[in-house]
Amino acid sequence: MLSFESDYTEGAHEKVLQRLVETNLEQLSGYGNDHYTESAREKIRKACECPEAEVHFLVGGTQTNAVVIDTMLAKYEGVVAATTGHVSVHEAGAVEYTGHKVLELPPQDGKIDAGELEQYLKDFYGDGNHDHMVFPGMVYISHPTEYGTLYSKEELTSIAHVCRAYEIPLFLDGARLGYGLESYGTDVTLPMIAELCDVFYIGGTKVGALCGEAVVFTHGNTPKQFVTMVKQHGALLAKGRLTGIQFDTLFTDNLYRKISRHAIEMAELLKKGFREKGYQFYIDSPTNQQFIILENYNMERLEQSVKFSFWEKQDEAYTVVRFATSWATKREDVEQLIALL
Amino acid sequence: MLSFESDYTEGAHEKVLQRLVETNLEQLSGYGNDHYTESAREKIRKACECPEAEVHFLVGGTQTNAVVIDTMLAKYEGVVAATTGHVSVHEAGAVEYTGHKVLELPPQDGKIDAGELEQYLKDFYGDGNHDHMVFPGMVYISHPTEYGTLYSKEELTSIAHVCRAYEIPLFLDGARLGYGLESYGTDVTLPMIAELCDVFYIGGTKVGALCGEAVVFTHGNTPKQFVTMVKQHGALLAKGRLTGIQFDTLFTDNLYRKISRHAIEMAELLKKGFREKGYQFYIDSPTNQQFIILENYNMERLEQSVKFSFWEKQDEAYTVVRFATSWATKREDVEQLIALL
Amino acid sequence: MLSFESDYTEGAHEKVLQRLVETNLEQLSGYGNDHYTESAREKIRKACECPEAEVHFLVGGTQTNAVVIDTMLAKYEGVVAATTGHVSVHEAGAVEYTGHKVLELPPQDGKIDAGELEQYLKDFYGDGNHDHMVFPGMVYISHPTEYGTLYSKEELTSIAHVCRAYEIPLFLDGARLGYGLESYGTDVTLPMIAELCDVFYIGGTKVGALCGEAVVFTHGNTPKQFVTMVKQHGALLAKGRLTGIQFDTLFTDNLYRKISRHAIEMAELLKKGFREKGYQFYIDSPTNQQFIILENYNMERLEQSVKFSFWEKQDEAYTVVRFATSWATKREDVEQLIALL
Amino acid sequence: MLSFESDYTEGAHEKVLQRLVETNLEQLSGYGNDHYTESAREKIRKACECPEAEVHFLVGGTQTNAVVIDTMLAKYEGVVAATTGHVSVHEAGAVEYTGHKVLELPPQDGKIDAGELEQYLKDFYGDGNHDHMVFPGMVYISHPTEYGTLYSKEELTSIAHVCRAYEIPLFLDGARLGYGLESYGTDVTLPMIAELCDVFYIGGTKVGALCGEAVVFTHGNTPKQFVTMVKQHGALLAKGRLTGIQFDTLFTDNLYRKISRHAIEMAELLKKGFREKGYQFYIDSPTNQQFIILENYNMERLEQSVKFSFWEKQDEAYTVVRFATSWATKREDVEQLIALL
């Protein structure tokens, strides 16, 4: 059975695992106070060209979103996000669970629009008293988005400018950041993200690690007593080495970028295959997630030999499904899939 | 430098790591819906002699405590625990963060006393109206406790009887459960725990795993939509294989018990060494954590060559410190330590 | 200065106040355990033709919404409401503060549509797994809505049917319920609301009381330990007599209905005035809140002699404002206002 | 039937009620933006001799405690209180519901001791790392305490000094503040409280008002967006006039002090009666709450003709009960009670 079900169907990149094995019996202090974690921090600061960055490691994406959003917001604030944002719809209300509202803006291909954001903030701070409303205290974007789309440098810069004008931090969810950075057409780089965002995370779970996300506070803005609040959220790993060693490996010899590039190459191959066979795309995605509109009978036929994800019903006859590639995708699997189409 | 700093200074048992390597490229569904996780569940059910048990895997201890307590309590309920309980004092208020009070009972060597528990519940449900108070909705015990002590079969049975009489679930925090089960003098077994408790967890982080705790609901009492609430807490691992494969290995060929036994043997060796050199014990611990009262100058001397944990000041001249053994402790390290005393 | 700023600019109806004075020195038990509160409960049960109804008194609208929603939802559930619903937008995130998401549906003149609700629920429970999403656990509607509009008997019945089909309780926010019940064209009655809704509240603050809302659970469905949770929310009035006596008076001799009728008459007079002077209505409201589109220069002119509320900017030249009548509105004030137009 | 059940068995002082009647039809803006509320604020500032004080009105005591504590604490902080403190034990977990732990100190006659507080803080910030513990972020005291006892000037000053040394705000719960200020032997004044505390509240519910507590932030330290957070807690009264007019009246012509004095005189009369009849006091209370140890048969006898509150069982034969006087207590009622003893 082929599988393009998600980008987390395999374990970790072999070098990551090998490093865990090599360092296994070294005795290290817990909670991120070990030299591998410190080394990973330093390598990430270098990759971001951001020497003042503060880097913390958490376990998974939803956890990271909830912890970052909750610890950065004042109690009377909410987070602005696209209606399709992961925090809005697919995290079981983890943000609301921390007491904060997700203030939703209409999405444009999964993204928020700087102009609409500005209008929203202008209205909020404009006429009338808004003391009875949730204050916008942060802007959340995902890059790539939940639909595989990417912000351009210009779009990202515009959003950052609006955020700065209103003194609202910008948070970028990079659960699949590697796949965004290695997308063929992107003009957005890691240092640019570090410069434009107040906080972002570099996803490991979907890009070569067993688990782990690296949160980067870009200008000495880690919330006070952050570690205590991470503990309070049940998110502090006793064996911090687990995330530290993995990220140290991923940021050695450009591994994170290289394996992300592979996923993009596989996605482009897969896209080409679907396109040549005349399939219809739900959205034009330049990253590792591809959304295809399948006729139901064809979907059922394909399900016999390949796993993919149900996304949503298009109508009675058609269904939108997702095929995901990853760092672990094999070329022959893509070729077999294309042969099946 | 020797280290007896904690029982989480090494990575994972070699067999656990080896199994992660062997299965690494197998494509598996996420969120615990893989066959290794299912196999681990089945092995745990067998080890507990509890075929109807429902087993879920979480990442760490504080997270597990917060998730289990929050999902099992009604909104108007709190959890009863010893003042020294981990949930009371060392989890940064993770339980309160979920909106629930920890109702503290005075500890007896780290344990709660069935008689005191009964009196507390009798008073609560006795004279007067208690609608303005937090209702006791669960009893939390740790076994081993935070001081390394253990409940006897009789003590545990008495507490369970009180809980049943008042229809309050009993939750056992087994972060170091292996070390409790393998303690020389204990008469408490895993099936007994499964019979007496409503929910408990088998700790992996401190007993051979990189991370992971196995939560066991013993009689079909998993809270409704538990997975959704795990996600809401940011505690749902995308690559559920990580905990599934580790616990599957730990519960193969009795590995969990064997490596726990080793830690106990090392602790007994260490105890013997301290005792023979005339050191004073803060508490009589039959498990892997040993609390020693050191004269300050001697503590500073030892710190030159061995790592251990500060516990608390005894007085101006003496300090209580902890030495922990684990599945990974080397006999020669214990011997070297004893030579240093 | 005339004022149509809101329906809470005066104190209480004189009979309400007089009753507070008459009973003032009677010694009564606290927290709603007094005979006036019990009498108010009984009168409300009668007015609702719902003998099994359980009635609780709270202080204000936002508080009531938060308490009812939080105490009725499971932890993994959210409340479905119109995007324009009071809970969605004007309660400073009070619902999210209790840990629950407001799941927003597009509004139709401030109302939710039974068909859209059904489609939403059908999608949620249909294809795909929704364990990572917030479960819809309650439907919230306001009647009158925040735009003064009303559900018809047919609309309300359809929504109730959808709720029952999906076993989701229906909650009606009646902050201005009197003005809905006395609207000229309505075919919705209080007994009908009691029959169709699982819980609703009869607003006092905006309809003749100094403060107070009467929450009605219609079929023995008061959440367990409700009083404890009310206390936990800081919403339990020590002097329960304050709300009990007020509602007892409002539900004596049909007072609640009579004073509501007056507000409607005043609103109709005001509407007629605006209409005859050629003003444009933002929405067709059959209740006590009237939304008018004013040219900005005219708005500024009127502001010299009359208070009203800014609602939203229509465009650069026009603004939507609200004029509210109430039980206390004087006919001569309406006439003076019309003369000013 | 005589009643000494509590200090909230009557409505409001007649002057308070009369003022509500007189101002009833005046049209006023909501949410505390009216001139009576502003006048009340000014009078309280004067009574406190604290011109920079910021005064906000809330409805009840538990609500006030939860709002003040939650809005002043950082997310990683808890509030230090006596184990017997109202927030610790009789508010249904309202503080924990906001996500914050109550850090309990052993009580001395209902009070906390400056020395024990200092030791606790010294230990917390002393040896060892406390990142896994809840940070002490505020000190809560009640004056009078839940046992009717009072801090002396010296005790209060000592506590304030410890708080300042550790930069932790001091919060005084004055639900019964009038009765503390008018106690015969006290050397604590309102201006002194305003000088020593960072925030405190002047209780209205138990001292002459229908409802209402006046929160005083003493040095421009009202939390940012406080009104929004009050709304978020469901604690913002639409008709702010209700609390504003009541406090304006209570702080006119020294009314608050005069009626408090009456309650103290009645309490002293009652104490004298109990003492002369040889009754045993549970605690020596200089304020309006008196705790008496009654033999059970005598308690049952008294219950035939007088209401009082069960406090706790002393042993099998004796029970501790509370008799409360208030601004409304009639001298003849106290005399009748004494005759019954």
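Which chain is which? They are A, B, C and D, in the order written, and residues in each are numbered from 1.
Rule of thumb we're sticking to: contacts are C-beta pairs under 8 Å (C-beta built on N, C-alpha and C of every residue); 3 or more make two chains touch, one makes a residue touch a chain.
Treat the numbers as computed from the prediction; the structure is a model and nothing was measured.
In terms of C-beta pairs in contact, C-D outnumbers the other of A-C and C-D. Taking each chain's centre as the mean of its CA atoms, C is the chain most distant from chain B. Chain geometry summary: the mean Cα position of chain B and that of chain C are 50 Å apart. Measuring from the averaged C-alpha position of chain A to that of chain C gives a distance of 41 Å. For the pair chain C and chain D, the distance between mean C-alpha positions equals 33 Å.
With touch defined as above, residues shared between interfaces to two or more other chains in chain C number as follows: 76, 91-93, 97, 99, 131-133, 228-229, 231-232, 236. Taken together, the chain A residues at the contact with chain B in this complex read 3, 5-6, 8-12, 14, 17, 20-21, 23-30, 59-67, 91-94, 97, 205-206, 210-211, 228-229, 231-239, 241-242, 307, 328.
By the touch rule above, chain D contacts chain B in their complex via residues 76, 78, 89-93, 96-102, 104, 123, 126-128, 131-134, 310, 312-313. Residues 70-71, 74-76, 99, 131-133, 135, 224-225, 227-229, 231-232, 236 of chain C are the ones that touch chain B when the two sit in their complex.
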